[in-house]
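In the part that follows, the structures are each spelled out as structure tokens.
Across the two complexes that follow, subunit A remains constant while its partner is subunit B and subsequently subunit C.
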Partner chain A sequence: MPSIIVQNIVKNFGSYIAVDDVSFSVEAGEIFGLLGPNGAGKTTSIRIILDIFKPDSGTVSILGGPMSEEKKNNIGYLPEERGLYQDIPLERCLVYLATLKGMENSLAQERVNKYLVRFDLIEWRKKKVKELSKGMQQKAQLITTLVHQPQIIVIDEPFSALDPVNTQMVKDLLREERDSGKTIIMCTHQMHQVEELCDRLVLIDHGQSMLYGTLHDVRKQFAKPAVALSTPDPLPALIPGVDSIKQENSDYTLHLLPGHSTQELLQTLVKANIHIEKFEIAMPTLDEIFIDVVQKQGAVQ
Partner chain B sequence: MKKTFLVFRNEFISTVTRKSFLITLFLLPLVSLVVMIVITGLQKSTGTNAGALISNLMVPSAKTTLEGFVDESSLVTKIPGAYQFRLTRYTGEADAKTALAKGQISAYYLIEKDYLENGKIIYVRPDFNPLGGSIQSSSIDALMAYNLTSGNLNLYYRLQNPVNTSVNTVDSTAPERDQSNPLTFFLPYAVTFLFYIVIITSASLLLNSITGEKQNRMMELLMTSVTPRQMLTGKIIALGLAGLLQTVVWSGSGLLVLRYSGRNLALADAFQLPASILLWGILFFLLGYAVYASLMAGIGALVPSMREASQLTTVVIIPLIIPLMFISLLIQTPNSMLSVILSLFPLTSPVAMMTRLAATHVPLWQIGIALILLVLTAVYFIRVSANLFRAQNLLSGKSMSAKNFIRAMAGRQ
Partner chain C sequence: MKKFWLIFSQEYKRHVLRRRFIFAILSMPIFVGFIALVSFLSVRMQYNGSTVGYIDSYSILSNPQPVPEKVSSLLPSANFVAYSSEVAARSDLNSEKIQAYFILSKDYLSNGEVTLMKGKKAGSNIESDFGSFLKYNLLAGQPAKVINRLTLGNNLIVRSADGTRELAANNWMAIAMPFIAGILFIIAVNISGGYLLQAVVEEKENRTMEILITSVSPSQLMGGKVIADLLVGLTELTIWIGFFLIALRFVPQWVSVGQTSNIDASSVLLMVATFLPAFVMIAAAMGAIGATATEAREAQQIAGLFTLPIVVPFWFSSAIMFNPNGPIALGLSMFPLTAPIALPLRAVFTNIPLWQIVVTIGLLCALAAFSVWLAGRVFRIGMLRYGKKVSFREVFRPQSFQGK
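Coming up: the complex of A and B.
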């Protein structure tokens, strides 16, 4: 049974429709990408899931039912609006926020310290939060998100202020959490991160759900009849059934004419005695799909 | 409940450990202690009592310099004994002018021929000071009164001071104070300002705290841990307690300073206040705080930052300033219609009633009505603010006009 089920949620702010009939579900043990351009309705959707906003219509089921105070303690949230109490020491700030998630003070203290060591912030624990760099504060916010070991983790742009080393560390951490059965929703604009981490995704634009499914299905859905080919041999200028050829060193992308199959192309190439090092269906990148969908939606609007 | 307590504890600890809070908490009593010690020291070395010392600080003691007079009315036959060395007669104005120019006299009076008809006397002095000109005229008053009564001293004294009032109050519970002591005069002022400052500061602390959450961008994170109601309750109680701590420390140390100096300065009579004023003080503070804190919380919920809040806080604070504008009236005629209205109207009563309580004996039924009205108002504003304290307002970055705020507080949002 999915940990989160969102069904036909709608939210209006006056005459502005922020979320328009969005549905999706998220399973335990997966990282789910919530994608969309700025102002698409991602944050509002998340706020509805987290019970900060009530939807005008539609329902949200969390861990098998509506949200409750206990369930809130089982959620870790890293909002896009990053905030911490700037004028108090880091450790006190993190322990206070952990106790607000229902942890006992002593346990919170112990866990916060463990995470501070892991995130390389232990030397800063007595320093005021405002003395920390932006990247350090983001790591501290991640600690707040994870310290109470929530069942559901919702993170908005988790890598935005991190250097490559910390980005890798956080990625490993998220995979670890997923493998231990946590449910993770990740909002991001960085499509390569989604390709690397997410199992499934939904793309929202203008409040509406545009794409939904596994990463592979989505890419297949947008795959145009094209082949990625690697060969040391020069390709003839004209190949039967091929519309156009794009070359980058020894890599080629061959776009097929309508009504021609990849199988025919392979046979043609073999007959022409061309050595083939790689031959695969060319999948569009998520970036391309994102731009494609958003632009089409923009044209419709 | 537990989360409300956690919010409360965090808020209280962060407030009372803040440097600025500790400084104001202890600086004021410390300053008044130092002032009292200095006064006590001065008293011991000069032998004057504290009351006289304070009046000397406020009004410069009149200098007994010699003045001249020219009597054209021929009414002045004799200079009374006490004024022999303060007034000297000149036969013509030219002589008086010369003496003034030489500095033998500081000024002279010209008693005109038809003085008996119009009482006209010209006062001639070298400097020009239109506001402080009447300081020296008591000698001439005495001179004329003495000569008009042909030296009949009793008649002269009665004319000078026709009524010698001594006040006997029927109400035995009224604070008995030495009316001529200037400290008696200060006490109601001190109480008024204490209440004004304490209510304003604690209500503003609440506003600060809420806009602080917004500025620290903590609202969204907190909304997934606590409900807006838990947050509001925790904060209101914490900052109310901080304000109460301030009231108790300030008034407690004030009383201690007075007790101490009372022993040394014989001030006790001047400052005797009924013990019940402390109880009323706590009640009026708590209710006044509840009203103004919930108004501030409403502002805090609606504005994106402290800067945006300033215009709205001005609107809210105006009713609290009204008693300060009428402070003289409240103190001098504490039972006049306006004073009673101000001390009953719930937005002005926390300050105005305390001023009256410090100035006179207030009938119990008036205190009761003021308290009931305050409770009703507090309940109303707390409910409206709690309604405004919801996620949509707390997370909105929109600015808010005074008009819309008043509409919102009237429950029309």
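Coming up: the complex of A and C.
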């Protein structure tokens, strides 16, 4: 049974429709991407899931039912608006927030220290939070999200302000969490991160769900008849069945004319004695899909 | 409930362990001490304890003796020396052996006429010192009881017509108590409300709201903060009162505390019963304001408005004293914002019917609970409005936000 089931949620702020009939579900042991441009309704959807807002209509089920005070202990949330107590030492701040998630003080202390070591913040534990750099505060916030080992992890733009080394470390951490059966919802604009990490995704624009499914299905759905080809030989200017050719060094993208198959193209290339190093169906990147969908939706609006 | 205590203890420690709090604690006694020192120095500068002469040509005083001095007196009375003639006294005044001299007239006993000749350095204390000297020596030979009575005056006891309440003039503490307690209450409300307001605004500025709200319920959050800030205010007050009591130990002869034992236990109880719910009500309302405001300074200004109705009974204190059952006294003692000062003050001068006390305190308790609920709700709505104000129309709109 999915850990999170969102069914037909609608949320209006006055005359503005922030979320319009959005549905999706998230399984345990997967990283789920919640994508969309700015102001699409992602954060509102997350706040509805976390019971900060009540939806005008529709339902949300978390771990088998509506949100309760007890279930809050099982949720780790990295909000878009980051914040920690600035005037107290880092360690005290993290331990306090961990105890608010139902942890005993001693256990919270122990776990916080483990994470501080892992996040390379242990030397800063006695420093006031305001003395930490933006990246360090971001890592500290991630510790707050994960330290109580929640069943559900909701993270909004987890990689902003992180350098490549820390980005990689957080990615590894999220994969670990997923592999241990946690349910992870990740909100982001960085499509390559989604491609790398997410198992399934939903794309929201103007409050509506535009795309929903596994990463592979979504890309397949948007795949145009094109082939990615690598060859050391020069290609003829005209190839039967090919509409246009894009070249980058020895890599080519061949867009086919309607009614022509990749199989025909392969035969044509072999007959022309062209040496083929790579021949595969070209899949669109998530970036391309994102722009394509958002632009189309913008045109409709 | 555990989370309520966590919020409470974090909030309490966060304020009390700050350097700012220590400064705030110390600033009051330092300020009062400074004022006391300046006042003392200004008196001391005008004081001169050196010898003063007097000429009693008509032997009005027989065998005059100096007034017995209190051992601990910081500014002892001037020493008086008799002169047989004004010529001798004037010569000593000119050579600054004495600072001044008094001449008792022939008809002193009938018209009280005394002439004072003083030099440039004469202290302002000599007139009252000479008055005491005269009184003491004129009464010489009377029984000690009579001297004491004449020195200390009467103790007027005012009794209510039904004979159930009485107030002695020398028990000024009973009258002063509601005033002092009222002032302390206002200070406490301002300190604690200020802390709460600051905490809520800081929470907004820190943007820790969403983390908190996905960890605890708004009522736990606001309840914990209100109670913690109440205690922060009380801690500060207790320490100040401690300083005050220590100061009293050192200067007991300066302040006559009166017959404190005559203070009615029931009036203290009434004060506590009124102050506590009123405190929670006002502090939580200040918290709610903090949650609607966008920055601390703005919140502080709005909160100042709360102090205004609380002090209103002070302006009407004579109406409450002289007509404690009149409409003004009754109205002020039952209106929630003015009740904390007006009810205990009124109780000193009249017997308040039990139903009025029950209704007033009941109303305060209900409003306190409502305030905490409201603060929690405003907090919840306000937290997600970074840089935007929350209108009270939104607060009472039923469906938009969860109202736990």
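By our rule, the second predicted complex is superposed on the first by the 301 of 301 C-alpha atoms of A that agree within 3 Å, B and C clash if a C-alpha of one lies under 4 Å from a C-alpha of the other, contacts with A are read in each partner's own complex, and residues count from 1 in each chain.
Throughout what follows, a residue touches a chain if its C-beta (ideal position, glycine included) is under 8 Å from a C-beta of that chain, and two chains touch if they have at least 3 such contacts.
Quantities reported herein were computed from a predicted structural model and do not represent experimental measurements.
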item	value
Fit-or-clash call for subunit B and subunit C when the two complexes are aligned on subunit A	clash
First (subunit B), second (subunit C), both or neither touched by A:97	both
Which of subunit B and subunit C A:81 touches, first, second, both or neither	both
First, second, both or neither for A:56, with subunit B first and subunit C second	second
Touching partner for A:72 - first (subunit B), second (subunit C), both, neither	both
Partner chain in contact with A:117 - subunit B first, subunit C second, else both or neither	neither
Contacts of A:272 with subunit B and subunit C, given as first, second, both or neither	neither
Stretch in clash, subunit B with subunit C, out of 22-30, 58-66, 112-120 or 130-138	22-30
Set intersection of subunit A contacts, subunit C complex versus subunit B complex	47, 50-53, 72-73, 75, 77, 79, 81-88, 96-97, 99-101, 144
Residues of subunit C defined as touching subunit A within the complex	3, 6-7, 10, 14, 18, 206-217, 380, 384, 386, 399-402
Residues of subunit A touching subunit C in the complex	47, 50-54, 56, 69, 72-73, 75, 77, 79, 81-88, 96-97, 99-102, 144
Of all residues in subunit A, those that touch subunit B in their complex	47, 50-53, 72-73, 75, 77, 79, 81-88, 96-97, 99-101, 144
Partner subunit A, residues of subunit B touching it in the complex	3, 6-7, 10, 14, 216-226, 391-392, 395
